[in-house]
Amino acid sequence: MTTQQKLPYDPAALRKRAESIIANVRELSQLGWTPATSSNFSLRLDDAHAAITVSGRDKGRLVEDDIMVVDLDGRAVGRPLRPSAETLLHTQLYRRFPDIGCVLHTHSRVQTVASRLYAGQGRVRLEGYELLKAFEGNATHETALDVPVLANTQDMNVLAAQVDALLDRQPLWGYLIDGHGLYAWGRSMAEARRHLEAFEFLLGCELDLRRLGTPG
Amino acid sequence: MTTQQKLPYDPAALRKRAESIIANVRELSQLGWTPATSSNFSLRLDDAHAAITVSGRDKGRLVEDDIMVVDLDGRAVGRPLRPSAETLLHTQLYRRFPDIGCVLHTHSRVQTVASRLYAGQGRVRLEGYELLKAFEGNATHETALDVPVLANTQDMNVLAAQVDALLDRQPLWGYLIDGHGLYAWGRSMAEARRHLEAFEFLLGCELDLRRLGTPG
Amino acid sequence: MTTQQKLPYDPAALRKRAESIIANVRELSQLGWTPATSSNFSLRLDDAHAAITVSGRDKGRLVEDDIMVVDLDGRAVGRPLRPSAETLLHTQLYRRFPDIGCVLHTHSRVQTVASRLYAGQGRVRLEGYELLKAFEGNATHETALDVPVLANTQDMNVLAAQVDALLDRQPLWGYLIDGHGLYAWGRSMAEARRHLEAFEFLLGCELDLRRLGTPG
Amino acid sequence: MTTQQKLPYDPAALRKRAESIIANVRELSQLGWTPATSSNFSLRLDDAHAAITVSGRDKGRLVEDDIMVVDLDGRAVGRPLRPSAETLLHTQLYRRFPDIGCVLHTHSRVQTVASRLYAGQGRVRLEGYELLKAFEGNATHETALDVPVLANTQDMNVLAAQVDALLDRQPLWGYLIDGHGLYAWGRSMAEARRHLEAFEFLLGCELDLRRLGTPG
């Protein structure tokens, strides 16, 4: 009779999440949104755990071993791996919103440049676009959406506190960090990707309009 | 002897149209022209029906079930699916022009930005390009083509009425909606794609020329 | 004993040229340099014939039947197909230069925009780039290369005469036509593609530098 | 009993390096960073040899024969091939730094345009980006990194002496040559690619910010 340590999460669910992360992140990598091994990605596993990419791996070539399990305080579970410092920015969303299932953090050039240009104002206002309807809860283009831009810091507790303060004030599907990139999330991988693609597209339009002069 | 409800359209024709839509839209999606599950696409089925994409699906991964049948008033036929609100903008073209066989609606960044910049003028004038010959009926570059830009609204009847008024005045292979995207059409999928590609290319050139200063 | 009409060219050589054109043009099409079925491409067959793309086909999906044979006056040989009006711009090069083996004509956005911006000056001067060494005959970056920009016309005889006048004055590996695109050539497909890629790259750099201000 | 000349390097190691170069350079070529057969790439073989691409080949279609061996003075070893003139810029790094294992030299449009714009200042300052952490040895974004821009010359000894002078003064993972492109390196192929991708990304952001005005 063997003694087997019971895992605190379902390994079959982990395998399924890992496959989804690997396939989706490969596509994001091919778009150039994860340069130089940057960016990190997670899916909720259950009400106490999330599956998240190990830090520093080439995001176009992830394998199952590159996906680790963390608890919702961001501590490694099961394998003795050091999770990315930014894990906390994922788990704070899972902890706060029971229906959030996926968090995607990317570093596209559009996101980075927009974050630098609008850091002084603290937000990018998106207005007048049909694609605002891509954000869950929006049924019309006749609305405005502010993407907050947070100052960058290597202290994740400071960032997490700022995000919590934002979430206290408004519903939110994403934010920028100055010189850094975008966090976007959703209830499922599909919804988080839809939000991520919509942010990327609309921030790109804003940069183009800034380049080309005010419409008139 | 079985009683079988006769479909008002040919299911084999539908299957063929669905395959064509799936293959063509996958390519448009890879170009980034259908961000965040936006855009919709149709092919005429017969003189009373069209095959059109179901709303909200990822356009890079369409399957046969994501193509539905509507009558030319835009009502679902055969399956109890809710067609996209914009279906009316497809069917008005099939109703008006018996030889139109395909309508493509995309949301590229070039299309969206151009629509914002030229909404005030109500049109983008394309002039001096060899590629104007890509539009059916044009045999020379020594011509000018105006792409109308309509105000965006969630009321499709308003948009459809504006399109009808435009079509009363001039031949047309496409129009922009402000902050939204492009509608392009043709007698076949190949012709509609040729028109779509020509609009995208020429609008992109116009934005570049605006950025770079007037030629001189 | 059968009587068989002898073809004036080697069908095996044609098949080989067709394969090369199909494979190379598919790659150029994927770069977006052949929008809306535009552009045409040829390879020399022998001292009296060339293989050239039939007009109006989707350049990303060419098949062997889309490659026809013309004599060096641009008349169809073997099959009763109407060659593209621009065939003359290919054959004049084969007629004039016995060692030229390949002519590539593309319509990229960079080429079209550069042709519009520099039409007034009649040329784009390329200077100070290491990649100038990509043009056969150049061994250093310390040189300047002028890309002529011709006025567009639907009369190919006028264009051909202007090209001949240019070739009387200077060695040349390519030219632009205003609002239209680029012609580039070489002794082989590989050399013509190297020249084409170098023109595209350097014209793109020139547009960027114009956008960004003079270096200093 | 056969007499066999012993190679001064391990052929199995060469084969492995060649495979790595071929696979990685194909990806860089698909990004458009090696236009018109430009660019060259190497991996250290041992403490006296490196494997490097033969000059003038299409970087998207390299085969094993396109990778040659040079000693650390840049002389061909084993096969009578003429190494690229720029080989010296690779071997000087292997000679100087025993732990450097890979040197990548590319010609992207961003790199070329940045080199032209910043040649007068002699450097591009990169500051305020999270991605600065991609460079080995950087643990924070709160740092600045200067990318030197050297004047272009066809005399590699002059360039090599300038690079040596730079390396005497500071740690460095890459430099630009005016009108030419970027050299980037690392201890392994993976690290060199991470540095190359980070340079490309950050130079691209700098060009965008220059285009769009100072953040504020």
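Note that the chains take the letters A, B, C and D in the order they are written out, and that residue 1 is the start of every chain.
One rule holds in what follows: contacts are C-beta pairs under 8 Å (C-beta built on N, C-alpha and C of every residue); 3 or more make two chains touch, one makes a residue touch a chain.
Predicted model only: the values in this text are computed from it and were never measured.
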Same or different contact residues where chain D meets its copy chain C, judged by the half mark: different
Chain B and chain D: spacing of chain centres that average the CA atoms, whole Å: 46
Where chain B and chain C are represented by their mean Cα positions, the distance between them in whole Å: 32
Residue numbers of chain C (touch at least two other chains): 211
All pairs of touching chains, each written as two labels joined by a dash: A-B, A-D, B-C, C-D
Complex interface listing, chain C residues touching chain B: 35-38, 58, 107, 109, 112-113, 116-120, 152, 154, 177-181, 207, 210-211
Complex interface listing, chain B residues touching chain C: 128-131, 134, 139-142, 190, 194-195, 197-198, 200-201, 204-205, 208-209, 211-213, 215-216
